[in-house]
Amino acid sequence: MSDRFRKGLAIVLALALALTVFGIGGCQPDEDDGTGEEPTGDVQKGGTFAYYITEPAFIDPYNAQESEGTQVVQAVFDSLVTFDPLTLEILPAAAESWEANADATVWTFTLVEGATFHNGDPVTAADFKYAWERIANPDNASEISYHLAPIKGFDEMQAGEATELSGVVAVDERTLEVTLNYPYGDFEYVVGHPGLAPVPQAAVEADAEGFAEMPIGNGPFKLAEPWAHNQYIKVVKNDDYYGDEPNIDGVDFKIFQDEDTAFLEFEAGNLDFTHIPSGQIAQVIEQYGESDDGFTVAEGKQAVTGLEMAVYYYALNTKKAPFDDPKVRQALSYACPRQKIIDTLFDGIRQPADGMVPPNLSAYEAGAWPASVDDMDMAAQLLEEAGYPGGEGFPAFTIAVNSGVGHEDIAQIFLDNLTQLGLEVTLEPREWAQHIDALQNGEYDIARFGWIADYPTADNFLYSLFITDGSDNITFYSNPDVDAALTEARQETDEDARIAQYKEINKMIGADQPVIPVMYYSHIHVGSDRIRDGIYNAQGLFNFESVWLAQ
Amino acid sequence: MTPEHLNWDHDKDPDMIPLDAGGHPSRQSESGDHITASAGHIDVGEISTSSRTLWGDAWYRLRRNKLALVALVWIVFMILLAVTADLWVPQTLGDPIVLPQDTAAAKLLPPSADHPFGTDKLGREIVSRIIYGARVSLSVGVLAVSISLVIGLIFGGLAAYYGGLWDTLIMRTADVFFAFPYVLFAITLIAVLGPSYRNVFIAIGILGWPSIARVFRSSILSVKENEYVDAARAVGASDLRIMFRHILPNSIAPIVVYTTMSIGSAILSEAALSFLGMGVQPPTPSWGGMLSDARAFLFSAPHMMLFPGIAILTTVLAFVLMGDGLRDALDVKMKD
Amino acid sequence: MFKYVIRRIIQMVPVFLGVTLILFILRAPGVLPGDPVRLITGEKAISETLYQEIVEKHGLDQPLHVQYVRYLKGLTEGDLGTSYQKSRPVSDILLDKFPNTMRLAAVAILLEIIIGIAAGIISAVKRYSLLDVLVTLSTSILVSVPVFWLGMLMQVVFGIWFKRWGIPYLPISGMSSSDFPDWVHLILPAITLASVSTAYVARIMRSQMLEVMGQDYIRTAHAKGLSERAVIRRHALKNALIPVVTFIGIDLGVMMSGAILTETVFNWPGVGLEIFLAIGTRDWPIVTGGVVIIVLLVMIINLLVDISYAFLDPRIRYGGPAQ
């Protein structure tokens, strides 16, 4: 699963680079499925929503790998399940119901009856099997294939030994049975990824290239014309949609190369939703008002600054002295000036990280990692307890960051504090490729890293990053108790019980402090004043189904 | 050339400034029957020197060129700042790298009595960073041009002295380098080497050699025909000896002029590379890097972009004017 | 004449081979950090079988010279490879951006011609006047100014401050918007891109005028009683223009590459910005493909300029012995 590691990194880079929100999430629920988001006032129908994206890499779901393409895919396709835009609770989409066996190794999904693709073909279980095999087929080099890694037969397909996913069976038109390699209670979240949507086999096989330019989906919107590269992607309401029809007539995904131009367009009244350019955040918030919950755009409260499902942290090389000593690791964590970093560089918008599960997940617990607070006195004290009073005897070390996208500034503030502790530390900016190579090979002391969840689950953070010998476990952290607990939690099919277990695991890991959590990422976006009931969710996807436009 | 000419009078060869981070064209015509473009360097074809009382005359003329003198003073001033920075800048103006206690309160302050040039996004004094940036700019300029000089002198010398196949081979290779868009080539090179202080001056240095080689080659070709070279050869002096004892000293004037101008050019290139994120890496202050930082704050803190730009402009201009002055003073004719 | 053209084309071959060889080496396995297969597949883990397939498909197991020939062959067929990050062929991506860069460069050249030549003539005719001093001074400054800083300076003044002060302002980013006609978006980037070249044109124009005006036939014309204006227009200008025209011709090609800084500052979606962004994402086919195209363009333009120069200037002998 080293792919997931690289994927995570790639995603974080993309985020940092463009300050764009990344998220992979489900298609949005129908508005009356949404919890707590009842329309305010009289819903007006009609209007076209103008939405800023940069040129996507793909809008064909099999390779929906970055935020831009994913945004389009989620409007045009429905996966099996989706997530509530505010609570991130799981909701039915293309599947009306599903169940798992006792140890969560076999999952059975029942599809909505009568659903069709935009070309009129019925959506069947076989279409899901076809779509997933398209993703798993190594010839297609899909960037998102790792999502299917838990499924039986995936490894064989990737190795070229099989041409189909043996674990995916279309029992009948409406029944899809999925067998996994291991128990995985959160698998229902995995299938909410927009890229795991069904595709009409006949249409794809007839003209794969055409499909890539003008995909035919099963979602609430359909493409009005083929993708106009570097200009726009137009989608219109799908009148035959099996769910409730959207309020707006369609979405114009307007493609701009850069956020500055897009923002100028926004100010001119030609865009309904865009990213706030760095350096103007405070001004924009003052001018347009800040959303109450950070996700919902309302008139006069148009800037959304809600938390994303992502953590920015420093990895500590736990197999290298002196970072093998938990006391040292805690001392360094106390020395990290989280609030100062956020105030100085992010206009106070991000949130200091007090653990490795972000607050928008139900498994979050405030203060889960006790040493994740800014406290220089505690840092000095622990350093002394660890045998390095005033930093004496502590070997010189480096903080490695990937270069050129602002991480040097963040590290500089951290480094300043460490110097005050009497430690000798230097900044080591590296090229991205060298940075991840060094991380994987353990050639670092402290290294910047970021992790963005693919699905709203704690497992996606804790298992991925801290299981012994996990390929994404860049700190080489190993705690048998944690391993056992993580494995056990995956087998738990009861959601509440599982969440309780993850809360406990987060604290167990926190006591060992293998990483220094720094901050939870936030949105930096703003919407127009005609948006009503517009939600930009924690996964960085706009909910085009609930939104309506005041005319 | 008479000294009175010097004021504002570039009419002899106004297009001969080898300056160009942006990759601008040059003309060059060695035998008069063809002109080739080279991306990024103004080239020098025929060069002649008169060397009898060269250095004495030159100093006399230079002293009377006020503009060149101002340039010289400015260069010396920048060098002094850069060299002595450690002794007084952090103590009086503020540290260029270490952050102030309350970064959030100290950041992006406009220029004032306490903060002469204002502060940057981390609350550091821009004036300190400019002074330390001079270290990077000047040293990259000098080191890069040194590399160009070494390679250029060797190749130019070989081409001119031996001629024939050597000449063809070396000058065709130079053409290949000239055909490359300068900035793009530097970026490609650094993308491979990895961005760092060292790699920046190496890349700029490597790309600069063909111009030096051409200047040197032309100047040798004109010196080589002189009688004293024949005389030296007649008494059995070795090739190397002739090259070092006779030809080099007599073709040094155009090299000096060209080198001075090239330093300005290299400083511009370094700034461009750092601006694109392919140069000196933070937290080391560099003028180009500071401008790159300033881009995000054009709205809220325009002072961030003002001073680094002025620093680059004045320093490069100083080298250009100094080069102009030297050219006139040394009576080097660089003609196309 | 024909011989001369052939000779120039033949001279281009080794240069082209050299340039492509350097680019090829820079992207060859072992030079760039990382496994070349990894660069092709991206961040994704792949099976051993697929790995082998990619090695064979791209000929990565063959000797370097074979790979180079293969690469050249691809180039002649217009195949620049496929972007790692985007699903499209590099040639398509660059072709999309190419007209934007051309548009910017064309306007910049226009500015360069009008302003540069005018300034040069005025400066030469009114030698030692205040205007002359101003022109020479500003050309000295312009060749020393970092173009990207000039661009930022104009963004602050004409874009941000003018807007703040309520004066009609200019757009500072991108190529089109609903607030402005498209051509207004061109103003600041074009001035920025043209700045250095304009300074060179003015300097060359000035020196050529001065040189030409000192020559015998001009003195003769004066002696014949022609007015100053007529002398300048009929005789001096025509002869002084030749080197200027040459310079401008060459400059068009060079501007295509110089645009990387200007395009970055103004977010102008051209080839330069595309290359810059591709460097950030390690998308090597776009970088090398973009550089190859620009190099080719520069070479072709140079050739055309040389040939037209040969037509214009009777002093040039063509078909002479090759060097």
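Just so it is clear, A, B and C label the chains in written order, and each chain counts residues from 1 on its own.
As a convention for this text, contacts are C-beta pairs under 8 Å (C-beta built on N, C-alpha and C of every residue); 3 or more make two chains touch, one makes a residue touch a chain.
Treat the numbers as computed from the prediction; the structure is a model and nothing was measured.
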Chain pair that, of all pairs, has the most C-beta pairs in contact: B-C
Chain closest to the middle [Cα centroid of all protein chains]: C
Distance from chain B to chain A - Cα centre to Cα centre, in angstrom: 48
Based only on mean CA positions, could you tell me how far chain B sits from chain C in angstrom? 21
Would you mind pulling out the distance in Å between where the CA atoms of chain A average out and where those of chain C do? 41
At least two other chains touched by the same residue of chain C: list those residues. 33, 172, 280
Please list all residues of chain B that touch 2 or more other chains. 194, 277, 298-299
Which chain A residues touch at least two other chains? 404, 431, 434
Which chain A residues qualify as touching chain C in the complex? 1-3, 6-7, 9-10, 17, 55, 57-58, 63, 138-139, 141-143, 145-146, 158-160, 212, 229-230, 256-258, 260-261, 264-265, 268-270, 404, 431-434, 437
Per the touch rule above, chain B residues touching chain A in the complex are 97-99, 103-104, 107, 121-123, 194-195, 277, 281-283, 296-301
In the complex formed with chain C, which residues of chain B make contact? 8-15, 17, 19-25, 27, 31-37, 39-40, 42, 168, 172-173, 175-176, 179-185, 187-189, 191-192, 194, 264, 268, 271-272, 275-278, 288, 291, 294-295, 298-299, 302, 305-306, 308-309, 312-313, 316-317, 320-321, 336
Contacts from chain C onto chain A in the complex sit at residues 33-34, 41-50, 85-88, 92, 96, 171-175, 177-179, 267, 269, 273, 280-282
In their shared complex, at which residues does chain C touch chain B? 8, 14-16, 18-19, 22-23, 26, 31-33, 124, 128, 132-133, 136-137, 139-141, 143-149, 152-153, 155-156, 160, 172, 196-197, 200, 203-204, 206-207, 210-211, 243, 246-247, 250-251, 253-254, 256-258, 260-261, 264-265, 275-276, 279-280, 287-288, 290-291, 294-295, 298-299, 301-302, 305-306, 309, 315-318, 320, 323
